[in-house]
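Two complexes follow with chain A in common, the first pairing it with chain B and the second with chain C.
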Partner chain A sequence: MDVPTGRLAMWWVLASETVIFGGLLGSYVMMRLRHGAWADQAANTNTWTGAFNTLVLLTSSLSAVLAHQAAERGDGLKAARLLRCTILGGGVFLMVKAFEWTHEITEGFTITSGLFWSFYYTAAGLHAAHVVAGMVIMFIVSLTAARNEELHRVENVGIYWHFVDVVWIFLFPLLYIAK
Partner chain B sequence: MAERAHTDAPHHDETSYVAIWGVLCALLGVSVLGPMAGVRLLTLITAFGIAIVKAYMVCRYFMHLNIEKKWVAYILGFMLAIMLVFFGGVAPDVLRPEGLRWQKTYVEPATAGGER
Partner chain C sequence: MSGLAAQPAHHDKGFVQTYLWSTDHKVIAMQYLFTGMLMALIGGFAVYVFRMQLAFPGQSVPLFGRVSAGQYNSLVTMHGTIMIFWVAMPVLLAAFGNFLIPLMLGCDDMVFPKVNRLSYQIFLLSAVVLVASFFVPGGAFGGAWTAYPPLSAKAAYNLTRYGATFWVVAIALEFTAFLLGGINFVTTAMNSRAPGMRMFDVPIVIWMIVIASILFMASVGPLIAGAVMLLFDQVLGTGFYDPATGGDPILWQHLFWFFGHPEVYVVLLPAMGVVAEVIAVFSRKKLFGYRTIVYTAVATGVISFFVWAHHQFVAGIDPRMASLFTITTLIISVPIAEMVFVYIATLYGGSITLATPMLWALSFVAEFLLGGVTGIFLGAAGSDIYLHDTYFVLAHFHYTFFPIAIIGAFAGITFWFPKMFGRMMDERLGKIHFWGTIIAFNVIFIPLFITGAAGDHRRIFDYSGFPDLATPGLQHLRTTATMGLLSLLAFQPVFFFNFIRSMVWGPIASANPWRANTLEWAAPSPPPHGNFAELPEVYRGPYEYSTEDREEDFWPQHVPDDSPAPAASAGGGW
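For the complex of A and B:
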């Protein structure tokens, strides 16, 4: 089929992830249409925080694709540096999320405060877990890339990261804008 | 043996990737500012319509789906189709308050605040 095994495996992973996140988002939309009160609850999320995190993830996707480009050119060191920039982006995203959740929980909005907040913490938490996984894998890949070894992995981990970005692109309007 | 990188198609240079990122950021700005007008249709278009455009751009230009083997897009498309079947099959029941032998008893808390 002329697709490297690693990349093929990555696409299959993303196919299964599509169903996981698709099911979650589909359920959210259904419940949201049923419960008008969710708009009031969603009004307590901070749009600017969500927008900033979207900007951070978009920027980290840029560094991931530039790392892939550097790997294609055989520049493993540059690819490793750019992957670490992407990891930094993931770190900033998680830090902002941590502050945001701390604020919301302090305000009394916990996972048991209503259906909206249950979805909010489940969807954003599952997404954050994927960000953490991506950061760990990216760090391991950056170690080998810095030695100019296994450069194809840079593209594979990049594809994963872009998918995480795409998921957030849909979570952002659902959780932060539709009020 | 190390696998080769994805090199079987024309690629964007650094400048065009940055340009694509710039367009994505501009779209993000529109999706944040659009709903501030308070018009429902405009909110739907700017928030969700632009989300679809942004996702398409990331898939096409960053994930390189445009130059990937066609069946990869078919697999992902098939998964999305499964989600639509799920939605279409479940939504009619979820969106109704009662059925032939069942009734929803859950009541969403009326207050906007959470538990304190």
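For the complex of A and C:
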């Protein structure tokens, strides 16, 4: 098995991240199954905002894939541009999230308003922290990629970004659709 | 491999660049080792104070003063936390892992040297945060090292509002450091082996460290999530663990022990690996059942994910679940017993030299056996319900953790000291230290099995309020244990004296003083930056001792075959 070192390490990072989110979401699911009343609290989340953000995040992964393709061809400049598109997608995601949370907090639904909301803010917050981290790393990678250096990093950061996507694909139904 | 390590060594880089900001795996290993040893002194001082309180309740303890109930709780908590997370982990996993992985795999450094440096820096920060918690208002966290809510979540219960938060933050930082380190370890072992080194040519200790790293990475996630929830409960006032808001304190116990039990194997496996290396070298015999050990370690790792609820037999879990976890717990003793038998089989018929590292390795097997056997009583729900939270439990896990964290570490340090510092340790001082430590250790914990079985609860500050327990007989046993501890501590300066004196003035060590086979002994002692003058090639497995038809009783991995017989096939991969 000749996996390049950087990619191999990325898979191990994701393996350990998976169990972090797995522990959190596992706890959430176990408790939610025991507390039917949480559905009333969950009814206050905005499914359409969540759906829009899902769309934004998945689209941003497309440009990450295209960036990888460009990097494979050796076109570092194009890869860098496409990575910045992905960063933009992450930015839109966070902005929507900010408006959503502002709205919810002004409505009185804070992290201490009940256990559903505690999980809601903790899980989405932990995910958002990963989005921010991904954007920062992608920006750094885009700087070297633009100079046609370290092009293998484009793929690795892309793998990370897809993981952030996948986490959201679990969060969206668990926090928004299940009412 | 790494771009950095490929550069020629600079000897004029100055103290900071060489010792504090280095990306060299050996320097980072030493940083972990010395930080771990320093933390062991703090953890050792804590146990000295609270054992004195237990032997002589209410009297002023020399060097500390009178111990209050709150201070007692802090000291007990910090002793456990420090010894497991800041001594066993950095010394066994990080120090030996960093030092040995590149050397034993025959490469020049870890695959990510800068990540490695970052890992130590985060670890150092975590240690600073933890030590700082002694000085915050209210003192260090006093909710026991397992941090069960609601005790850990509510300042009104643990009385250490700031200490509790510092504790959670320090633990989270420490986990981050070990995740970074673990990714480095596993990736290096998979991608940077010397040419010719196949999967089953890797020394057992490297296998063990890699399996332990994977176990850590796979088990710690839920506890990181749990720690975030605990932090929010403490700081923001959420109620993840508070039944009043619909939360569940047992959730923490699940998340904690889902990590906590594999964690036992995270530190046990590296110690088992160190012992395997030492036993093979000092028996001059091929390690018995190499592949069996590897498969057994993997099996142990897998089973260790299915035993965690044996810590929760009294927490109100379903009795049907308790019987399941009893069965899995009894099953996990099988592979460990098997490993012990394999080590004994290696000794059988060997020409054994009782050098200091070998004494430590043999005592590891003997003492850990006692720890394992007493664990059977606690793994079975029926007897555990009686013994739960008594000194019997405490004595049991000290019979496992002391061999792991102390005996295993001493075996490794005395064995690889010549490689680390290029000088030999003093054998006579080593043996004095060994016997003093081992005898004192048993004097401490055998009485505690008895007090535990008699009903001594673990978390009592002063027994005078409990007429059944405040009997002269039990108090005599407690005092005996404390006397054992005092003698144990009294023998440790012998080690530090030997360590420092040998480091500076010890006799110069050759590259291979123990006549061992593995690749680290092919490098000079101590290895320079970049390790090998010429990267070695591997021709055979690591344990070819006393091979027939050879004059020498060892056959290093990097020495080509004498005969023109076909050499070992070129390196495959994982």
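Just so we're on the same page, the second predicted complex is superposed on the first by the 178 of 179 C-alpha atoms of A that agree within 3 Å, B and C clash if a C-alpha of one lies under 4 Å from a C-alpha of the other, contacts with A are read in each partner's own complex, and residues count from 1 in each chain.
Following the convention adopted for this analysis, a contact is a pair of C-beta atoms (placed from the backbone, for glycine too) under 8 Å apart; a residue touches a chain by one contact, two chains touch by 3 or more.
This structure is a prediction, so every number in the text was calculated from the model and none was measured.
With both structures placed on the common chain, the touch criterion links A:G26 to chain B and to chain C. With both structures placed on the common chain, the touch criterion links A:H35 to chain B and to chain C. Of the two partner chains placed around the shared chain by superposition, chain B is the only one that A:F163 touches, whereas chain C remains out of contact.
Contacts of A:T59 after superposition: chain B is touched, whereas chain C is not reached. Once the two structures are overlaid, the count of chain A residues touched is higher for B than for its counterpart among chain B and chain C. Of the two partner chains, chain C is the only one that A:V13 touches; chain B does not reach it. By the touch criterion stated above, A:G114 is placed in contact with chain B and with chain C alike. Touch criterion met: A:L126 reaches chain C, while chain B stays clear of it.
Legend: residue contacts after superposition of the two complexes on their common chain; A:D2 is shown touching both chain B and chain C. Comparing which residues of chain A touch chain B with which touch chain C, the overlap comprises 1-3, 5, 12, 15-16, 18-19, 22-23, 26, 30-31, 35, 37, 112, 114-115.
Of all residues in chain B, those touching chain A in their complex are 2-7, 11-12, 14, 17-18, 21, 24-25, 28, 31-32, 35, 43, 47-48, 51, 54-55, 58-59, 61-63, 68-69, 71-72, 75-76, 78-80, 82-83, 86-87, 90-91, 94-95, 108-110, 112-116. Those residues of chain C whose C-beta lies close enough to touch chain A in the complex are 111-112, 179, 182-184, 186-187, 190-192, 217-226, 228-229, 232, 236-240, 245-248, 251, 255, 258, 573-574. Of all residues in chain A, those touching chain C in their complex are 1-3, 5, 8-9, 12-13, 15-24, 26-27, 30-31, 35, 37, 111-112, 114-115, 118-119, 122, 126.
Contacts from chain A toward chain B in the complex involve residues 1-7, 11-12, 14-16, 18-19, 22-23, 26, 29-31, 33-35, 37-38, 40-41, 43-44, 47-48, 51, 54-55, 58-59, 61-62, 64-66, 68-69, 71-72, 107-110, 112-115, 117, 149-152, 154-155, 158-159, 162-163, 165-166, 169-170, 172-173, 177-179.
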